[in-house]
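One structure follows; several queries about it will come next.
To keep things simple, chains are lettered A, B, C and D as they appear, and every chain counts its residues starting from 1.
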Amino acid sequence: MSTDDLVAWIRAFRDAVTDHKDELTRLDSEIGDADHGSNMARGLDAVVAKLDPAPASPAELFKTVGMTLVSTVGGASGPLYGTLFLRMGPALPSPDGVDTAALGAALRAGVEGVIARGKAEPGDKTMIDALSPAIDAWDAAADDGPAAAARAAAEAAARGRDATEPLVARKGRASYLGGRSAGHIDPGAASSTLLLEALADTLAAAE
Amino acid sequence: MSTDDLVAWIRAFRDAVTDHKDELTRLDSEIGDADHGSNMARGLDAVVAKLDPAPASPAELFKTVGMTLVSTVGGASGPLYGTLFLRMGPALPSPDGVDTAALGAALRAGVEGVIARGKAEPGDKTMIDALSPAIDAWDAAADDGPAAAARAAAEAAARGRDATEPLVARKGRASYLGGRSAGHIDPGAASSTLLLEALADTLAAAE
Amino acid sequence: MKKFVNDPADVLAEALRGIQAAHTDLRVDAENRVILRAEPTRAGKVALVSGGGSGHEPMHGGFVGRGMLDAAAAGEVFTSPTPDQVLAATQAADSGAGVLHIVKNYTGDVLNFEMAAELAAAEGVQVESVVVADDVAVQDSTWTAGRRGTGTTVILEKIVGALAEEGADLAAVAALARRVSEAGRSMGVALTSCTVPAAGRPTFELPDDEMEVGVGIHGEPGRSRVKLASAREIAKLMVDPIVHDFGDAAGPAIVLLSGLGGTPLIEQYLLYGEIAPLLAEAGVDVQRVLIGDYITSLDMAGASLTVVKADDEMLRLWDAPVVTPGLRWGA
Amino acid sequence: MKKFVNDPADVLAEALRGIQAAHTDLRVDAENRVILRAEPTRAGKVALVSGGGSGHEPMHGGFVGRGMLDAAAAGEVFTSPTPDQVLAATQAADSGAGVLHIVKNYTGDVLNFEMAAELAAAEGVQVESVVVADDVAVQDSTWTAGRRGTGTTVILEKIVGALAEEGADLAAVAALARRVSEAGRSMGVALTSCTVPAAGRPTFELPDDEMEVGVGIHGEPGRSRVKLASAREIAKLMVDPIVHDFGDAAGPAIVLLSGLGGTPLIEQYLLYGEIAPLLAEAGVDVQRVLIGDYITSLDMAGASLTVVKADDEMLRLWDAPVVTPGLRWGA
């Protein structure tokens, strides 16, 4: 994958979040504070504004994305999505060339970073419920090439997102609702699914 | 008319205001501050609580009613209705016996007191628009006896009340609305009409 | 009706109970519904007595205390207090040096305070009255009830309260009160109606895309109903008529932007951010400013702007210590 | 949406402009969205920095000033500020004597303040943090995000601000902050939802005859939805869980009853009239009380009750002078 492919991914993620902004906020209204859509849109707009000229390498791209998210999103999602990207660059075997295995390793490092920061476990009804199965699915499909791995990851993320619906939240604002948090999809799991779907779509188009 | 007849009038007025409390408040919502019904009901409940044992004479009755209204209603209607009754007693030719002419004179004195206090003229869209024609109608029908005079007064009051609808208010809270006060009946004119209707009904029943 | 109430008929009595529970330096006369300073008026000090319908909190009860009012008579919601209440407040507050009645220009308030002043005079209390009529939304005329009294009342109570605290006599206190009253102009805008507890539903219906311009503080509809506008446009709707009414608005001023009860502070600040440059443009030199809920209309969403042209004496007295539940500084 | 706004995306920036226009003793860093005292922190004085999402005004920006905070970082509405903002506030406020971060326990606030503290430490600023988690509506557990931070924050900022003003060192300031934090319990009730400007409609729908019990300050639904109750019953729903959580609630306390933004003062007083006897029954000896809008949730109708068990030092520091837009006495 070229740096351009990865820049296209980030742009596609921004577009997906913009398209789903109201839906993300609506999900966050049910069990949170009605800002996840505006938070992510604000941050990704700031990110995209920094991608012209495009960063020189995947490692630089991930650093820019992570730092910009940290400094423009706020809330819980800002440090968490920020950490995801900040951990990806250093996990790349080489700062430039990125193959399926390398991106898989970077994503895993990113997700582990989110877990370390947020201390959520699978089943806590957070973005981790989409991200964790996604990286496992990536690794399982890695031999079929990046587009296939990304598609598998996106599908796993979507299943993980949907599986948050019956859960009682133990982390994030939704945890304040106790049993009432059940019956609603977690907004962060929904935005994380958009992240992986954007990747799958971008890599499919690049093939 | 006996003191008992006049006590029955005041009780009937209280009952009419209680029955029309929400309507008076609704009228006051349109062009005022949504309290005329509760103001009058509160005051008349306090008045009725003072009528047992019944006052010894019409003059005493009117004084009790006036003083109680002044000290329990508040707002614009408290001093105005209070003044109406406070001026009636002293205007009676004798403190005890009351005939058609005597009650007419008392009512006239009362209404003049309201005008002196409130400085409203006919056409200003206030209770005066019901009270003024009512006392004129009373005098015109006085020869037919108290029940007929009271009925004529009540009918004139109702016409006066209805005639407030197109007027632009120059006194009271409705005046703050300027032209927007047109198209609504004045709440004080509505309660004044209830006062005279209660008198007509009471005297008809006493005949 | 979404309110913290028990029986709507008991709102005033029960709110007074809460005020008494919260403020040990106030004394609530529950029978007469009068809020007083716990300490009796110092001998020789002119007493300031105000009052009006309830539903405008912190006005007036929240302005009782050192440097401001001596007593406030609390009427039912949006209903002027009765002469008995005002008389009780007046007699309790008088130290022998006389009492200033601060009255907002509403027929009910004027009549009830008038009657109370007559009764007080008969009891040997010297009473002077000032009637505040500052609301530029209402056209003034000798044929009408005249302008409403709104935000200038708050500023007047603070400034004149400070003069009374210094020991000025009744004539001087009343003269300053009239000066402040004449120097003030106000204008209010409502985004929603309020709900009078006894009525149980909103006083008026206002569609989602409309607002009322030129409202008072009793939940009455305003002078006109227009399309909901941006804060920037609303600021102009508030500032322009005030500036216009002054003729020449230039000079030092004290400004009050009060929420009407249902509008949160973040919006009030945003609105003030739009008002400030408009005032500057008109030459208003804002020396002091208060932003928050000071004179309200129950739970109405909206705001009112008050500009009082202030001379050096007014500014000095504004800065003097005040210790009340609603306004406090310097002590 | 019935609000004083222009573009919903600009609410925070424009509200900050209003704050700057109104308060000459504050300085607004518009780029970083930080509110500071106009005067730099006195050499040797520990600085208090707080912050959080906007929509809770006057908290926190309105508590910047002598005797309370040195700086506040204002996030977007209901969104924690970013590490950059908190870092800017921290660096600007530090006089060299160190900085106390006062953080409300929300994942976003905790993470962003944590990152900022790491960055500040890397720049050589000594930082201590206290995390307030006082909301008894939320069951505490090591497996969850824990309790929310609400009203105790206001009382903590006042008390600890006074100690810092006296010149105490960072360790002492942080120790007192933890002591106050542990001594506080809060409980909130909502009668309506609020409307986040960027969302444009109420966060949740609440039928006319229902209310939310156990809400926080971000417009989130509460712990349970029940039938609308009388003020008397609601008072019990607020007091009981606090008293129960204390185990033994007896002893001197500072009490805050805060409106959530859309509830007028008259209702807050009425509610306090019901709360006071229940507290007394539980042995709570209310030494000081604040009633009004101090920690809000935009335009939500509702109220939150906070009880902080206070020792003599806390009471002494509570009474010390404070000069901020939101809280002022003694100067």
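The rule is simple: a contact is a pair of C-beta atoms (placed from the backbone, for glycine too) under 8 Å apart; a residue touches a chain by one contact, two chains touch by 3 or more.
If you're wondering where the values come from, they're calculated on a predicted model, not measured in any experiment.
Undergrad: Among the remaining chains, which ones contact both chain B and chain D?
TA: Chains that touch both chain B and chain D, as defined above, are C.
Undergrad: Measuring from the mean C-alpha position of chain A to the mean C-alpha position of chain B, what distance in angstrom results?
TA: 74
Undergrad: Approximately how many whole Å separate the CA-defined centres of chain A and chain D?
TA: 32
Undergrad: Taking each chain's centre as the mean of its CA atoms, how far is chain A from chain C in angstrom?
TA: The separation of the two C-alpha centroids amounts to 54 Å.
Undergrad: Where in chain D do residues touch two or more of the other chains?
TA: Residues 77 of chain D each touch two or more of the other chains.
Undergrad: Can you pull out the residues of chain A that are in contact with at least two other chains?
TA: Within chain A, no residue contacts more than one other chain.
Undergrad: Taking all chains into account, which pairs touch?
TA: A-D, B-C, C-D
Undergrad: Applying the document's contact rule, which stretches of chain C touch chain D when the two form their complex?
TA: Residues in contact with chain D: 1-6, 11, 14-22, 54-55, 57-58, 62, 77, 191-192, 208, 211, 228, 230-232, 234, 261-274, 276, 289, 291, 293, 296, 298-299, 301, 303, 323, 325, 328-331.
Undergrad: Sort out for me which residues of chain D touch chain A in the complex.
TA: Listed in rising order, the residues are 53, 75-85, 106-108, 111-112, 114-115, 135, 137-139, 143-145, 148, 196, 198-199, 203-204, 216, 218-224.
Undergrad: Note which residues of chain A are touching chain D in the complex, please.
TA: Going through chain A, the ones touching chain D are 25, 29-35, 38-39, 42, 70-80, 117-118, 170-173, 175-178, 180.
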